[in-house]
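Two complexes, one shared chain (subunit A), two partners (subunit B, subunit C).
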Partner chain A sequence: MALWCDRYRPTSLNKLDYNKEQADYLKRMIKSNDFPHLLVYGAPGSGKRTRVQCILREIYGPGVDKTRIEHLTIETPSNKKLELNSIASNYHIEVNPSDIGIQDRLVVQDVMKNIAQSGGLVDKVPFKVIVISEAHKLSKDAQHSLRRTMEKYISTLRLIMVADTSSTILPPIKSRCLLLRVAAPSTDKISQILEFVAKKENFDISPSLIQKIAKESERNLRRALLMMETMYINQSKDIIKPSYVLYIQRMAKKMVENPSLEKVKDIREDFYELEQHLIPVDLIFKVLIHSLLQICDKHLRGKLIQLASHYEHQMRVGSKRVLHFEAFVAHFMAAYQKFTEDNMIDDDDDLLAM
Partner chain B sequence: MSQEVKRVMVPWVEKYRPKNIDEVVYQEEAVNVLKQCLKGDDFPNLLFYGPPGTGKTSTILALAREMFQDQFSSRVLELNASDERGIAVIREKVKRFAQQTVSRSENGNKYPPFKIIVLDEADSMTQSAQACLRRIMEKETKSTRFCIICNYISRIIDPIVSRCSKFRFKPLQQDLVMEKLATICNSENISLENDVVLTELIKVSGGDLRKAITFLQTAYRLKGDEILTINDVREVTGYIPENWIDMFVEACQKQSYENVEDVLNSMVAEGFSGAQLLNQLHDWVLGENCLLTDEQISELIEALALADYRLLEGADEFLQTFNVASVFIQLLGKK
Partner chain C sequence: MEPPPSNSRKGFLDKFAGAFTCHSMSLKKDKKRPMVDGSPPESELCPTGFKKIMFDNQKGLPFVDILKPTSRSDLLVHPKKISEVDCWLTSIFGTRSSNPKLFLIVSGPSGSGKMTTLQLLARERGIKTIEFSEVSYVKEIFSVEDEKSYSYGEHLNNRSQSENVRNFLIQANVKSIVDKSPKNKKLLVFKDLPFTLVKEPEKYHKLWTWYYEKFSADGVPVVFILSNDPSREQIKIFSSQLRSRLNVVEIQFNPFVKTRIVKWLTDKLEKKVSKPDIEAIVDEGKGDFRNILNCFELKCSSSLAKQRSFTNFKRGAKKLKTDDNLSKDPGSSAIWGRDVSLELYHFLGKILFSKRHYDKPVQRTLPDELLKFERHPLVEDPFQLVETHDISSNTLNLFLHQNYLNHSENLESAANSIEWLSQSDCLRDDVYDGNSPLESYQKALSGAGLMFNLSPNGPVKVKYLDTRKAKDTHSKPSLISSNRPWHINQEKIKETKSTLKACINEKSKSLNYQDFILDFLPYASVMNISMKRFTGDLLKISCFPNISYGGFNKTHEPFVMRPSTVQLRCETSDIPINERDESDDEKLYFIEDVSD
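Let's look at the complex of A and B:
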C-alpha cells in the first residue's frame, strides 16, 4: 500500500492541481520540441519532483514509469572505487551526486559523458534526460564541470536539476538553464486537496480540522498529507504534532532558564538525541530560533539572529556539527545572562540606551 | 533525425556566436591587437580575462577558425573545466599535443606554423596544474601557443601571467547588447510588447550578453509566438515582484520580528531565492526610495555582503535573510 502522498500524485501535466499556467507553458514548450536544460527549484513539498515526473511523461510517454535501480561504479583518478545508486528508465537516469560527498564532480562528468555518447532511443526525441536531485548540494567543482558540457552535448542530452534553493547554484549554470520556480500551494489549495483525498479514502474529518492541518503544514503539501494519514491510522481527533518540535521547544526553555555550564552539557545530550532521529540541523536551528524569539526580550532578538546565522554558516563549512551548535548555545546563554544582569542594575536607563 | 528538429535544438548562444573576429563586439583593443598578430608570425601566448558573457571564448574560437580554417580540429585543443585537468592530464595530454610539430602548409594551403591550446575556465584549475604548465609553455613555443581564459586573473599564478600577453574584456555597453538582442528578435520573429522589455532584459543580465540571449530564448520558449511582456522576462530570470520587496521593507520598518518572519517564510514557500532577494534589496538600498543615512546604508550593505557570501557556501536561506532583516530593524530602531 502506497502512502497517500504517493497514491494521489498527479501523473500528467494536465492533472496538476496548482501552478496550472506554468504547466501549460511547459506543455507547449515540449510540443515545440525546443526543450532546454531545466533548473527546478522550490521549497520542500511544493511538488518539484511531481512536475519533473510529469514532464518526463509528457516527453517520452508512459515508458518512463518503468524504472529500475542501477548501481554505478565510478573510479577516481587514484583508483578508488565509488558506488552510487541511480534510478533509471530507458529514457532517463536519476542520480544524486551529493550522496558521494566531495567526489561529486566525478559522478557528474562520468554519467554525463556516458549518456551523452549514447543519445536518445526514440526518433521523435533525440536526447536522454539526466535528473540531478538535490542539485543545491553540488560542490562548486561539480558545477564548474557542468558548464561547458551542458553546451557541448546539448543535442543528445538534457539536464533537469532539482534544487531546494537556487542560491547555491552558480550564475554560469543558471544562465544556461530555464529556471522553473515551483511555488508551494497556498493554504486554501492544500485544504482542497486534503478534502479530496479524505473523501476518496472515506476518512471522516471535519473541515475545521482540515484547515488546521493545512495551516500547520506551512504550505508543505507532503507534510500535510502525511499528517492527515497519521491521524487516520491513529484514529486520533486532533493533530499530532511532530515530537521533535516539542523537544526543541523544551530545549529553548532550558537555554533561558538560569544558564550554566551544566545546561550546556544537558543540551548536548538533547542535540545528540535529535541527530540520532535524523532531524536535519537546519530544521533544528529554525525551530529553535522560532521558539527562542518568542521567549526572549525584544532587545536581544537582533543578537540572537546574528549569532544563529553566524554559527549556522560555520556549521556548514566545518565538519563537526555539535561543536558549532554548542558554541551557539553557549554564546547565546552568555549574551542572555549579561543582558539580564545589566537590566537588573539600571532598569531605567535601559530604554534610553537602546 | 530530420533537419527541422535539428535546427530548433540549437541554443541561440551557439547560433549567434561570432563566426569571425570582426563580428566580436566592443572589444576593439583586444581585437585590433589580435588582428595585427594574425598578419605577422609573432603570435604571443594569450591570457583573456573579464566578466562572463563578454566574448572571451567566442574571440579565440573565431580567431582560430580564421587562422586554421579547415584544419581547425587538428590544430586546436580545447580543454575546459568539464574535462579532467589535474596534473596528470597536463603532463600527458597537453604535453603530447604541444610536442607535435606542425608544418607551414598542408594540401597546398598555408597555415600559421603552430597549434593553439585553449584552456577555458582556467580559474578552476588547481595551482599545481598551473605550475606544471610553466615550463611546457616555454619549451614548446616553437610549435604551440596557449590561450588561457578566466574570469578572475587573480586566480592564475604569477609565472603564467608573466608568460602571456593579457587582454581584459570589458563588460559590454548597454546599447551594443541592445543592438544584438534586437537583431536576434528580428531574425527569430519575436514580438515584444515594447522596447522596455529589452531594457529590462539587459538590466537583469548585467552586461552579460550570453545571459541576456539565454533569457530571451527561454522567455520565447515559454510563451511561444505570443507577445513577450516585462513580466515574462522577470519570471524566467527569477526576479522577485516588487510588492514582495515592499512587504519585506515594510515589515522591517514596523520593527516587528514576527512580521518579518512571516514574510520570509512565505517567500521561501513561494520559492524565491535568497540570493535574488539580497540582490534586489541591494538595488533598493541604493535607489531613491530608501531614506537611510550613508552610515546606515554602509552597515546594511555589509550585512548583505556577508549574507551573500554565506549563502553561496550553502548556509540556510531563511536564517541569513533573517539576519539581514534584523540588522535593518536595528538600524531603523537607532534613528
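Let's look at the complex of A and C:
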C-alpha cells in the first residue's frame, strides 16, 4: 500500500502536471544526445526528485526503476570507516554525501571515481548518472573536489545534483551545470492535483476544504497530498499540522508568557528535544519567528527579525547551535520583558494624565 | 598481600614483585614503602579490625593496599566475572588445544577490580604476573642486572616502541633473565598500552599474529587491561577479524554496586565511621573502588583534616570532625571528588562568581551615556585567569553555557552573557585544530564576557532553576553543573540518525532524509496504518512530548465515498460499502476502480 504521493507520482516527462515547458525542453535535450550536468533546485515538495526520475527514465528507459540499496564503505585517510547508503540501478546511483558530515568530500571522490571507470551500459548513452541528493548541504571542500572531477570524467559520467536552494552551491559548480529551477506549484495547481487524486481515490471532498489544504501546505505538494491522505484516513475536517510545528509554536507561546530565566532553560530543553528529532535548526528558526511575529506587538517585530537574522547567521558560522539559538531566545525575551514593562508604565502615565 | 621484600639487597625478582603489588598507588605513596621494609605487617602482633587498618596506615601503607582482598570470598567482584577469569586461566594453563586462547582483554571502568582479580587468581595458582611498562622494561631489566649492559638499555630506548614490545614478548618466553620461574607459571600483563599502538595499529596487529603463530603451543599468555572507553581501544589492539582469528577472550567488568561497597566498608570499618558518611563518599566515588578507599584515607588521616581547615574548606572540615551528614552540603562533596574536576570547578567558579572589589569606589572614567557599563574593579584579571587553566575553548563554552543562567542577575544580563558565548563560538570554524591562536582568544572572550555581564550590580545568589531533569534523583543540585546535557544531546542525535539510516530498505525511493523527517514521518505517525517502511522506532522520531493531535471529529464526514463504482473488497469476503465502519480499520482493503 503506497502513499498517495507515491502512487500518483508521474513517471514520465509527458505526464508532469506543471512546468510543462521545462519538461518539453528537457525532452528535446535528451533526444539531441547533448546532456550536460544538471543542478535541479527548488523548494521542498516542488517535485525535483520526480522530475529527476522522469529524466532518468527518458534517458535509459524503464530499467532505472529497478533499484536496489547498496551499502558503501569508504575509508578515510585516518583508517576510519564510513558507511553510507546508496540507491542504485544499472544505470545510475544516488548518494547523499552530506549524510556523512564533514567527510563528504571523500564520498564524492570515491563514488565518482568508481562509477567513472565503467562507462554506460546502453550503446546510445555512453555515460552513467550520479544523483547527489541534498546537494545544498555539501561542504565547500566537497564542492571544490567536485569541480575537477566533473570535467575529468565528462565522457563517462553525468551529475544530477538535487538541492533545495542554489545559494549554497559555489559559482564554479553552477557554471559547469545546467541550472533547472523547479518552481513550486501554485496553490491552484495543488488544488487541481488534490481534486484529481480525490477523484481517483473515489471520494468527494468539498472545494473549500481542498482550498484550505492547498493553502496550509505552503505550496509543498508532497505535504498537501500527505495532509489530505491523513485527513481522509482519520475522517477529520481539521488541518493536521506536523507535530514539530505544533511543538515550535508552543515554544513561541512559552517565550512571551512572562519571560524569566527559568523559561530560557525550559526552552533550551525544548530545543534539545527538537534537535534530537533531527529537525533542522534553520527550520526551527523559521517556524518560531513566524509564530512569534503573529503573537508579539508590532513595535517589536523589527527587533525580532533583526535578532533572528543575526543569530541565524552566527549559527551557520559557529559550531554549537544551541549557544546561538539560546542567545536569540534570551535577547528576545529580555526585549519583550522590557517592552511590556515600559508599556505598563506608559499606561499608568496615561491614567494619571486623565 | 605479597609481603614486601625483606632483604636490602634487592634481586630482580623482588624488584618486580615490588613493582606490581603497588600498582594502584600514587608515586608518592610508593616512595614510602621502603620504610616498612623488613617488618612485614603480618608478622607483627598487631591489633585487629579498624585499629589494624589505622595502625598499618600510620606506617605508610595506603588503604588500598591494606584492604586489598586476600581471598576470593573477600573479593567484591561479581562471582560470575571471577569464574570467567578463572575459566580462562584454567584453559590456558591446562592442556592447550590447537587453537588456544592466548590473549585476554579485561576491560572496565577504573577501580572495578580488574587487576586485583587477575592477580589474586593468578597467585592462587602460583603464577607470576609480569607487567609491561616502557620504563621498567628498559631500565630495570637491563641496566640494573649488570652495569655493562646499560648502554644496551639506552640503545633500547632509541628503538621503536613496537620493537620493545616484541623484545619483551621474546624475553618473557625465552628461559628468561627476567625471572627463573618456568614458562608455564607466568602471565604477561599490558596495563599501559604502548602509545604507538594508537598511531600504527597494523604494526602491532602483525606482532600479535606473529606471537600467536609462534608461541601458540607453549607461549606465555598475554592479558590486556583496559580502563577507559573499552570499545574504542579494543578495536585498536585487535581488529575485529584478528580478534576472532586469534581467539581473543574478552571479559568486561562493571563498576561496583553501591550497596555492596557500603556493606563491605561498614564491616571493615566496624562502625567507626557513620553510615551516612560512608554513603556520601561511596556516592561520590561512582563505583570506583580505588577512589573510594583513597577518599577514606584522606578522611581518616587527621593531619589532612587540620590542613584543610586552613584553606577555604572550613565548612567541610567542621563537618569532618563532627561526623555530620556530608551529603546535605553540596560544597563539601567536592572534597571527595577527583582533583582534576576540583581544579576545573574552582576555575569555573572564578568566572561565574567573578568577585569584585565592592569596597573600592567605581572610577568615573566613562562618559555619561556609557555609565551603565561601569563596574567595580575585578579581583582577578579575566585574561590572565583564562590562561591559567588548560581547558579547550569548546569545553569551556559548554560549561559556561550550562551554568550562566543560574548565575545571571536577570534576563538582560543573561542575554548579554550568552551573546559573548555565541560570539566566541563563531570566531572560528576549524574546531579541530587545538593549536589555533584563536583558541585562547575565544576563551578570553567568553570568560571576560561572562565576568563582565553576569553580575553587574553586585553578587548574585545562585538560583536552582527547575528543570525537567528532576526525574533522576541521583543528581543533587550543585553550584556548578557539568556540560553533560549537551553531550547527551549529541549522543541522542546520533542515535536517531542511525535509526533513520537503518530504516533505509529496499522500498525507500529517496535518500533525502530531510523530506522524510519533515513531511512523511509526521503524517505517517498519524495515519494509523502499518507499513513496512515506517517501523515503530521511526515513528517515534516525529513524536514530541506533550503534543497530541486533537480534533478528529468523525461526525463531520468531510470525505464522502462515491457509491457504486467502487468495490471495496476485504481480504476474506466482499463487503458492501455501506457496512463499512471504524472497526474494520485494521483490515486491508484493496480499492479497485471499476469505472475506467
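Basically, the second predicted complex is superposed on the first by the 325 of 354 C-alpha atoms of A that agree within 3 Å, B and C clash if a C-alpha of one lies under 4 Å from a C-alpha of the other, contacts with A are read in each partner's own complex, and residues count from 1 in each chain.
Convention: a residue touches a chain if its C-beta (ideal position, glycine included) is under 8 Å from a C-beta of that chain, and two chains touch if they have at least 3 such contacts.
Please read all numbers here as calculations on a predicted model, not as lab measurements.
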Combined model on subunit A: subunit C and subunit B, fit or clash: fit
Which partner reaches more residues of subunit A (counting touched residues only), subunit B or subunit C: C
Which of subunit B and subunit C A:309 touches, first, second, both or neither: first
Partner chain(s) touched by A:118 [first = subunit B, second = subunit C, both, neither]: neither
Partner chain(s) touched by A:94 [first = subunit B, second = subunit C, both, neither]: second
Superposed model, angle subtended at subunit A by subunit C and subunit B (C-alpha, nearest 10 degrees): 100
Which superposed partner A:317 touches (first subunit B, second subunit C, both, neither): both
Partner chain(s) touched by A:258 [first = subunit B, second = subunit C, both, neither]: neither
Touching partner for A:278 - first (subunit B), second (subunit C), both, neither: second
First (subunit B), second (subunit C), both or neither touched by A:172: first
Subunit B versus subunit C as contact partner of A:230, first or second or both or neither: second
Smallest distance from any CA atom of subunit C to any CA atom of subunit B, in Å, after fitting: 10
Doubly contacted residues of subunit A, that is, touched by subunit B and again by subunit C: 317
Residues of subunit C touching subunit A in the complex: 201, 394, 397-398, 401, 405, 408, 410-412, 414-415, 418-419, 421-423, 425-427, 429, 431, 463, 465-468, 485-486, 489, 492-493, 496-497, 500-501, 504-506, 508-515, 517-520, 522-529, 531, 541-547, 549, 551-554, 556-562, 565-566, 588, 591, 593
Subunit C-touching residues of subunit A, taken from the complex the two chains share: 1, 3, 6, 44-45, 49, 67-69, 79, 83, 85-87, 94-96, 99, 133-134, 162, 164, 200-206, 209, 220, 222-223, 226-227, 229-238, 240, 242-244, 246-247, 250, 259-262, 264-266, 269, 272-280, 283, 311, 314-315, 317-320, 322-324, 326-327, 330-331, 333-334, 337-338
In the complex, subunit B residues that touch subunit A: 1, 5-6, 8-11, 13-14, 52-53, 80-82, 84, 86, 88, 120-121, 124, 205, 208, 210-211, 214-215, 217-218, 221-224, 235-238, 257-258, 261, 265-266, 268-276, 307, 310-320, 322-323, 325-327, 329-330, 333
Contact footprint of subunit B on subunit A as seen in their complex: 25, 28-29, 32-34, 36, 41-43, 46, 77, 109, 123, 126, 136-137, 141, 144-149, 151-152, 154-155, 165-168, 171-172, 174-176, 178-179, 181-184, 218-219, 282, 285-286, 289-290, 293, 298, 301-302, 305-306, 308-309, 312-313, 316-317, 354
